[in-house]
Amino acid sequence: MDNLKAIVESLLFASDTPITIDKIKSVLEASDRKAIREALTSLAEEYESSNRGFFLTEVAGGFQFRTRPECREWIRRLKETRPARLSRAALETLAIIAYKQPVLRSDLEYLRGVDCGGTLRTLLERKLIRALGRKNLPGRPIIYGTTKQFLELFDLKDLTGLPTLQDLKDLGETWPNDSS
Amino acid sequence: MEQTQDQTPYFVKLGELFDGPMDLLVHLVKKNEVDIHDIPIALIAQQYMEYLEWVKSLNIDVAGEFLVMAATLAHIKSRMLLPTQEEDEDEDPRMEIIRPLAEYLQLKYAAEDLMSRNRLDWDVFVRTGFDGTEALPEKESSDLVQVGLFELIEAFQEIVKRVSPKYFLDLTPDVISVKSRISQIKDILEDQGSATFQELFETHATRGDIIVTFLAILEMAKGQMIRIMQHVKSGIIRIFNG
Amino acid sequence: MDNLKAIVESLLFASDTPITIDKIKSVLEASDRKAIREALTSLAEEYESSNRGFFLTEVAGGFQFRTRPECREWIRRLKETRPARLSRAALETLAIIAYKQPVLRSDLEYLRGVDCGGTLRTLLERKLIRALGRKNLPGRPIIYGTTKQFLELFDLKDLTGLPTLQDLKDLGETWPNDSS
């Protein structure tokens, strides 16, 4: 049904966050999940097949239009504002949390060998990580995990989209880039 | 600026400071092109110390974790020098450093992999303006904020700054567990209208949980959020939503 | 030139406001106005001819994608179910209730220094707080606490997941009158 596809397209366009099938279903009330998924798949193919400025991607459990990476230079210029970059420390801390979650601050500090308080705070402020709860240990330390925003930032459908550490290691016969 | 100074160890460029001891170790292992599983500990330990000396000479405080690592390296070095005891099954002393180093490397790869992805607002962009929708005025006033846990804590923090912090001294994890348990008991009572005393303890096995539940019930009784009744014949204590 | 069209499409998509030909020209640096106008016309025709969820319109001196008026009902519904937004006042009140519960309105008003009747009503309506009971004091004031919906909104398993001020302090927050 072409009409459904047009409506789904307009919802994708109007939503400021990735939109889930369930959300589309609740907005449209009547439609079944299968028809919605078909409309999404058909849209994704359409945007994929032609030479377009943006495409439909499945991210953080939902669907979202995003500009093509090939256009990044132009859009950066359009936006002018430089997005806040993650420091290497923040990125490493984030990587540990992503892979080892649920994880304690002490685990992070053991692995990185340095205090992580400041970095944790930055990541919390940027909503890339969150407190999942507390561990039943003396002091009841906070358990950290990644957020939806983390998935959105790194274009991940879900956490299983991350390569396994083993895969990374196999690839990595070369050294990781140096600090500079 | 990038020139090697007289007293500077050959491997460091001026202005190159390391994030932590692991970071420095990775750098040394890499610069010397040695196998991470067969680290020439004496060489690495020496260069590590040279680096610390160099940092000190710049009048920069060496963070405690660097010193801990220095001690670890020295310890491993001395154990390597000891003649092997009868039990030659003894683990290679270097494992103490190789294991965490290998793990650290792994996470560096992971961090790099994240960086290589199509990052939002860097490689790919989404629509952000809300004004592209036809006939749909954005009525929402701008003083509304989208809320998350962080905003909640910060709002609370603002209040604490205004009021005396002493007012909030009781915010220990234990107190919060009691608050949480009160909330859970309230959920049960709102659902069922009442619950037996027994019921509220059943699913919670640990001693700490039992104490927390008991304190929660006391607190609720004190605040008259619940009524507690005992059946005359059976002796069963029942708690009602107040 | 199809490539230009894709880039223009990505710029249209990523721009917060209607974008002018001059702006596109300045971002792309090299291209001439005529080629840009052609790309825009071609895009507009493409979106017009097919049954789509949005279209390209010339507005306020620039160009912008907008959702089709036919889809307005659905989009309105989508926007109504947007993630919760709260006023500063409501957030503050909610924060105190979360941390200090069980709490009385008089406590809230002491702490915030203002009347909290309005915000309490809002929070009650949105089911973020509830009456836990009544205190045995003159006037039998209501005791407030948070709800399940509160936990859901903040993605908490239970209240013990709420970070304490000590946690924030540990993460390197500067504390105003720190004596410890």
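Letters A, B and C name the chains as they come in the text, with residue numbers starting at 1 for each one.
Going forward, a residue touches a chain if its C-beta (ideal position, glycine included) is under 8 Å from a C-beta of that chain, and two chains touch if they have at least 3 such contacts.
None of the values given here were measured: they were computed from a predicted structure.
Colleague: Using CA atom means as chain centres, which chain is nearest the centre of all the protein shown?
Modeller: So the chain sitting closest to the middle is A.
Colleague: Of all chains present, which has the mean Cα position farthest from that of chain B?
Modeller: C
Colleague: With chain centres taken as the means of their Cα atoms, state the distance from chain A to chain B in Å.
Modeller: For chain A versus chain B, the centre distance works out to 20 Å.
Colleague: Using mean CA coordinates as chain centres, what's the chain A-chain C distance in Å?
Modeller: It comes to 18 Å between the two C-alpha centres.
Colleague: Centroid of chain B to centroid of chain C, CA atoms only: how many Å?
Modeller: Computed value for the inter-centroid distance: 27 Å.
Colleague: Show the residues in chain B shared as contacts by 2 or more other chains, in ascending order.
Modeller: In chain B, the residues touching two or more other chains are 125-128, 132-133, 148-149, 173.
Colleague: In chain A, which residues are in touch with two or more of the other chains?
Modeller: Residues 13-14, 65, 67-68, 75, 79, 124, 130-131, 134, 140 of chain A touch two or more partner chains.
Colleague: Which residues of chain A touch chain C in their complex?
Modeller: Within the complex, chain A contacts chain C at residues 2-3, 5-15, 17, 19, 23, 26-28, 51-54, 65, 67-68, 70-71, 74-75, 77-79, 105, 117-118, 120-121, 124, 130-134, 140, 142.
Colleague: Quick check on the complex: what are the chain B residues that touch chain C?
Modeller: Touch list, chain B to chain C: 125-129, 131-136, 140, 143-149, 151-153, 155-163, 165, 167-168, 171-173, 176-177, 179-180, 182-184, 186-187, 190, 219-220, 223-226, 242.
Colleague: Of all residues in chain B, which touch chain A in the complex?
Modeller: It comes out as residues 16, 18-23, 26-27, 30, 63, 65, 69, 100, 103-115, 117-128, 130, 132-133, 148-150, 173, 206, 208.
Colleague: Could you list, by residue number, the parts of chain A that touch chain B in their complex?
Modeller: 13-14, 16, 57, 64-69, 72, 75, 79, 83, 88-89, 91-92, 94-96, 98-99, 110-115, 124-125, 127, 130-131, 134, 136, 139-140, 152-156, 162-163, 165, 168-169, 171-172, 175-180
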